[in-house]
Amino acid sequence: MSTDTVAKPSAAPKKPGRRKLTWPWILLIVAGALVLFSLVRVVSGADDLTSVGQVSGALQLAIPIGLAGLGGLWSERAGVVNIGLEGMLVLGTWFGAWAGYQWGPWTGVVVGLLGGALGGLLHAIITVTFNVNHIVSGVAINILAVGFTQYLSNFTFAEAEGGSSKQSPRIDPITDITIPGLSDWLETLQQKHWFLVSDLAGILGGLVTDLSLLTVVAILLVPATWWVLWRTAFGLRLRSCGENPVAAESLGVNVYKYKYIAVTISGALAGLGGAFLAIVSTGIYQEGQTGGRGYIGLAAMIFGNWMPGGMAMGAGLFGFTDSLKIRGGAENVHALLLLVAILLVLAAAWQVYKKKYVPAVIAAVFSAGFFLWYALTDQVPSQFVDAAPYITTLLVLALSAQRLRMPKADGLPYRKGQGK
Amino acid sequence: GKSSNDSGSGSDSKAAKAAIAYDIGGRGDQSFNDAAYAGLKKAEDELDVKGAEAEPSAGEGDADKVQRLTSLARAGNNPVIGVGFAYAPAIKKVAEQFPDTTFGIIDDTSVTGKNVANLVFNEEQGSYLAGVAAAKASKSGTVGFIGGVEVPLIKKFEAGYVQGVKDTNPKAKVLTQYLTQPPNFDGFAKPDLGKAAAQGQLDKGADVIYAAAGLAGSGAIEAASKAGKWSIGVDSDQYNQAGLKAYKDSILTSVTKDVSDSVFNLIKSVKDGKPQTGEIRYGLATDGVGLADSNPKYKSMTDLIAAVDKAKKDIVDGKITVKTTP
Amino acid sequence: MMKFDKDKLIIGAAGPVLALVSSFVLTMLVLLATGLDPIEPIQLMIENAGYSDIQVLIINQTGIYYLAALAVAIGFRMNLFNIGVDGQYRLAAMLSAVVGAAVELPGPLHILLIVLVAALTGAFWAGIAGILKTTRGVSEVVSTIMLNAIATSLIAWLILPKNLGVQPQGSNDLTTGEIAESGWFPGIDMGQGNGEIYGFTFVALALGVVYWFVLNRTRFGFDLRATGESESAAQASGVDAKKMILTSMLISGGLAGLSGMPTLLGDTHTYSLSFPVGVGFTAITIALLGRNNPVGILFAALLFAFLDKASSSLDVEGYPKEITQIMQGIIVIAVVVSYELVRRYGTRRQQQKVGEELAAGGAIKTDKEVSA
Amino acid sequence: MELHGITKRFPGVVANKDIAITVRKGTVHALIGENGAGKSTLMKILYGMQKPDEGTIAIDGEQVSFSSPGDAIARGIGMVHQHFMLADNLTVLENVVLGGEKLYGIGAKARRKIQEISDAYGLGVRPDALVEDLGVADRQRVEILKVLYRGAKILILDEPTAVLVPQEVDALFDNLRELKAEGLTVIFISHKLGEVLKVADDITVIRRGTTVGTADPKTATTKQLAELMVGSELPSPETRESTVTDVAMLKVEGLTLTESGAAAAAPLTTAAPPDPSGTVSLQEIGAGRKLLDDVSLTIHKGEILGIAGVEGNGQTELIEALMGMATPDAGVITLDGEDISKVSVRKRREGGIGYIPEDRHRHGLLLEAPLWENRILGHVTEAPNSRRGILDPKAARQDTERIVREYDVRTPGIDVTAASLSGGNQQKLIVGREMSHHPKFLIAAHPTRGVDVGAQAQIWDAIRDARREGLAVLLISADLDELIGLSDTLRVMYRGKLVADADPATITPEQLGSAMTGAATGRLEGGDERPEQPEQSEDGDAR
């Protein structure tokens, strides 16, 4: 009808809130974060905070999440909500391991990717062709993927040597690369524990040490996704299906085709994440090894505002805190208390500057509480350590202004020729 | 009306029958459940017993366990063994209804009864020996412990290990890390977490890592092996596990827990007409727990072996009491 | 009030029938493909469901699923995706068990107190997500996922013997101590060792009626549904969207908290490490399958409970238990796809009717004019 | 181009029935017909978006068959749809190149080409602006640019002028003439018959899915066209007898709303003034831009106050502030002597504010709910819908039946979903619902937009009747004839301010239009005859 779509000339000039982060700003924020981390490390003596191992561990833990998130991004950019990522991740682990132990890790990677893609394709058929609620389909795929792989294990891994109905035989590892001189040099530098310098060295070192080739591929997929989706005609068409499929259709774009492609790629990426988990992270398929990473990937994508860079940051944050807690959580997470306290002081100062005194006082009180907690204890109970990544994510989300903007037609049903 | 249990009556009582009901994870976990299965298998082979198994489903409650045990008991199985402490409340209910059937429960002594056999292990004692071995093998004076899920059972492993290390080398430092918190049992299933945790401890200078983390332990073994450091396995002799062939040289030893023998023994006792009852404890004294010595490198460390043997003797003799909580 | 409509009846029946038939056929294909007997497992399950003790298990599980699914459904009716039902359920069961074990009151009061604590705890935990959403705009999908994990840690800490938990002598389990018998919800004993039907199952069913009544017969329910159907229209109609989000999140959490009660009050009487988990996730599927409708959810819960319990002995007969899960997945897909197909057919019919009746009112005149 | 024997059936509706049209090359061909006559459907068929059940299309004598818009575009056909086909979150450039990436890529070359076309036709389009930041007229120009970018030879414009002010319409027509001069063929659909006569070379009239005749714009009058269209005379919104009393019903003083967190939090607050020059001045980017700037007005019992303005100049915000959906920073709203500035939406509705929203789908209806539930919407706390918190479906259903009867809502029953009614009938249901609660004050935003002529008359009648009984009405409409005809008092809104007022008896749409672009302020004097105006109070209770 003439009223619904016509009359919405929304906000003319850009809202200040939507101001884009420019490179100088990003660099400044990164630098500030680094200084803060360095400071906390020096004060608390938790040298693992920015060590090579910590960063490289974070990377390992972040990649399956990031790949799932990337998968979610592809799908949702084309307008299909994909809560089936977890299931596609499971398919990736199973198929990756199944092919991997028999025909080598790279075959495993490819087959894992295809397994995930299969899940994606199923999701596409259900949501695009049958126009079923995307969440229902995703949930069903999660159930199906788990049931299907566990069922098949009884006929495959259970009969293989070194495997069982819950676990695959070991898969040959994928080559690791370490940049010889640089990596050692950075590691030495990091171990000097100098303010800032060592931290930088640790972070860079973590990014160039013991890198599996698949890790490199996975990292490259983030900018590649950005490039494809935002710099190519294909990507433009795909995104238009998530923003306004009817408009896309009216310009001759075959919306079904792009949705199918996007959701299948989405599954393939999650499948790759699964393959990474089975082949690189652990070297075997293990029932239940995805452990909800698909959902975390989805959360990372929302966290990152449906953008590859933001998603990567979300996955990175998660991987980082996860790695912190798992590598000697009691001490590391204890140091985080200090970080939180400092951040809260800064927040309080900012609120004072903005003349919002009530939030300022609240922030200050909490800050004092964290300082006390930090000062009066040596360790954080292991149970709370375990919650660190989740609490951090919640805190970051709650403290940062929420300017989320999902693709406009995300999750909405679409049928060809029925646009108004 | 009719009960599912009525169907299979104990009619063909000629062949002895025995049953085990698995813990979450079920057969194929290459750990606890598989060890129990091995005991049943052995009984099938050696005692001509017909074995039955039943797996739990995810997220089930006590009522389901009661139903499972009841139907296994009604079917004429004797003994019926619940693998894992989760079966305790169910066995308490069922054992009263079937006074003629022997019920076994592994890792629990809280339920008692004339027809209940509590199969328990002194994991802390085995872990103590592991601690002695670790302290002896360590050059850096820092060793690591990785627990899969922070539950009392695994804390027993930690307690014994830490005590063993400290008694051997009071200056040694033990790094402890748990992978997940209950009821999130991912910590037994995610090898990548085990790997990351081990990596963290290695980076902090640990050169022997003991992982009591089920399958996640394989990640720790992998990490230690890649770093050229020692690892200590758990439950079964992991040196001989096919899946860990690539890293076996770095598996110093494993703390074994003879679940399979305990199952076999119980079945045998029932078959022999002298059913075990009450607490059946498997400790160092009975070799129900112990250290494996398959790794030739381990066997060549005479100093270490001497220390372990002495500790073992002291524990058996009661000169050392090993704590069960850290 | 409702006219009897044959079309409607046929269309209404077509969906489930189509779904059941296609899912059974697909399951059989999977079994065949892996070289197993395609009929026997299904036969076994149906046979199993004929036994009283299994029936009791099915009914009890239905009650649990029903409550949890209602919790999910009330969120869905408002377009809120509460993935956190599982965490709310666990935390509520734990804390109410602690309170229940700590006090001793006359029967009904004791039970009431436990139930109240459970509902409030669940509501509190869901309320965090609600507040984060209304004040900070944090997506409830993300926050409830995080809160699930945080609940796990919190419970793990609280249940330590040095805090609120107990480690019974000789046990490797951690519990919250046994609730005194005055706090047990009486059930119906089915005799002959068939177990008893939890009394709280009937509370669950009653809550289903309340759910229906509140949603369909109260102003509040109307506002809630309106918000779910069109937030903008609801807001223009006078609904305070933020308040609505928070309220429904609280109710959802409260129901989630109650879903631990059948087990706690009827069976375990304590919260332990082996308390059932994952109920909240299954509930999402059930709510979706039951289309957020109290009767639909009841059938969906029954179906899932049947699949869960009737399959319990499949492994003893040599069939992998995972068949059930495959069946569940296939059924969900088959149900929604066939509902969609039937719906499309139905809408076409409805439009046709609208068109015909409009044409009947205007066609004659038009034709005359055109010919004139 | 020739269309022959086109027939298209939808479930239950024959949208097109044996349609035949011949369009001469290089002309502007107008297509007119009432709501639902099948114009858009026909054009969608021509554009390949829908397939005809029967009939043929020939272009330059060659028979064609399109299976998708892509095929039509390849044959040089371009279409500007009745409803904008733009993705808000994409830039102008992205919207334009979408689907036509092969032409000039998606980068610098495309940007140059867009700039070139924009300059050539004076469209003033900025390639890198986000579409959501554009006003309606700008969007319209982007739509046209999209078509030109693809080098279309045949242009279909489906109701392009519905949301434009007269000046913008003139600019558009200038563009069309230019295009025609270059040999392009234009098919033009509009309900505004005056425009049609002004710009068209040929006119075809469609009624109930078939072509009922053609007209020559040189000789035909709007009256003749209207009769051809509907077989009767066009109703007029004129209200001449005044019922204005001097009892103030609604009083607004100093209402100010600045863009801030509130705007971000309430997704309903969308509109903001587009700058006619197409550039955004820097000061406006900062926070605290005023969406409503010190708005004061009084509406008396029995008075209709019309507000004219280009969309996005604060009308939406004014409505939302009056309804309580947006929280103003300053200002007092008094309804019938009671201060309601801080009162919730629901309380205001209970207090007697009726609301016909500008966007019935977003704000007026639950599309997937049955009619009787839609009758409850907005009045859930009032009789007969509920008693003491409990709904009374029986009474609500009965009352729905009454509304359906009294307001002539064409529906087979009250259990069908609102979505299955045509726009006009949906609107009648809303009007009936709001009127059933005897409001003291009615906000009517575009009450007849996109509505059938017949339904239009009914809605006007309903408003007039209520006014006679003392209802105060705030009328907001883009249809200047409706505004001038229905209002007792006129105000012009520009950038959140009431900048001018006018007497509906003397003002012409052109004058009003120019005031809406900010060209004139203060008291607007009507027409050439400039009749003496009687003394007027500040509130402008005319006549």
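Which chain is which? They are A, B, C and D, in the order written, and residues in each are numbered from 1.
The working rule: a contact is a pair of C-beta atoms (placed from the backbone, for glycine too) under 8 Å apart; a residue touches a chain by one contact, two chains touch by 3 or more.
Just so it is clear, the model here is predicted, and its values are computed rather than measured.
The chains touching chain B as well as chain C are A.
Relative to chain D, the most remote chain by averaged C-alpha coordinates is B.
The geometric centre of chain B is 75 Å away from that of chain D, both derived from CA atoms. Chain A and chain B, compared by their mean Cα positions, are separated by 36 Å.
If you average the Cα atoms of chain A and of chain D, the two centres end up 44 Å apart.
In chain D, the residues touching two or more other chains are 362. Counting partner chains per residue, chain B has residues 150, 181, 184 touching two or more of them. In chain C, the residues that touch at least two other chains are 137, 149, 152-153, 156-157, 324. Contacting chain pairs in the structure are A-B, A-C, A-D, B-C, C-D. Those residues of chain A lying in contact with chain C across their complex are 126, 130-133, 135-137, 139-141, 143-148, 150-152, 154-155, 292, 295-296, 298-299, 302-303, 381, 383-384, 386-387, 389-391, 393-394, 397-398, 402, 404.
On the chain C side of its complex with chain A, the touching residues are 30, 34, 81, 83, 132, 136-139, 141-143, 145-147, 149-150, 152-154, 156-157, 160, 284-285, 288-289, 320, 322-330, 332-333, 336-337, 340-341. Against chain B, the residues of chain A that register as touching in their complex are 48, 51-54, 57, 60-61, 153, 158, 161-167, 169-170, 277, 281-284, 286-289, 291, 322-323, 326-329, 382-383, 386. Every residue of chain D that touches chain A in the complex is listed here, in rising order: 47, 49-50, 68-73, 79, 81-90, 94-95, 97-102, 105-106, 130, 132-136, 139, 146, 159, 162-163, 259, 263-264, 270-275, 280, 284-287, 289, 311-312, 358-362, 423, 426, 446, 449-450.
Within the complex formed with chain D, the chain C residues making contact are 1, 137, 216-223, 225-226, 229-233, 235-240, 348, 350-359, 361-362, 366, 369-370.
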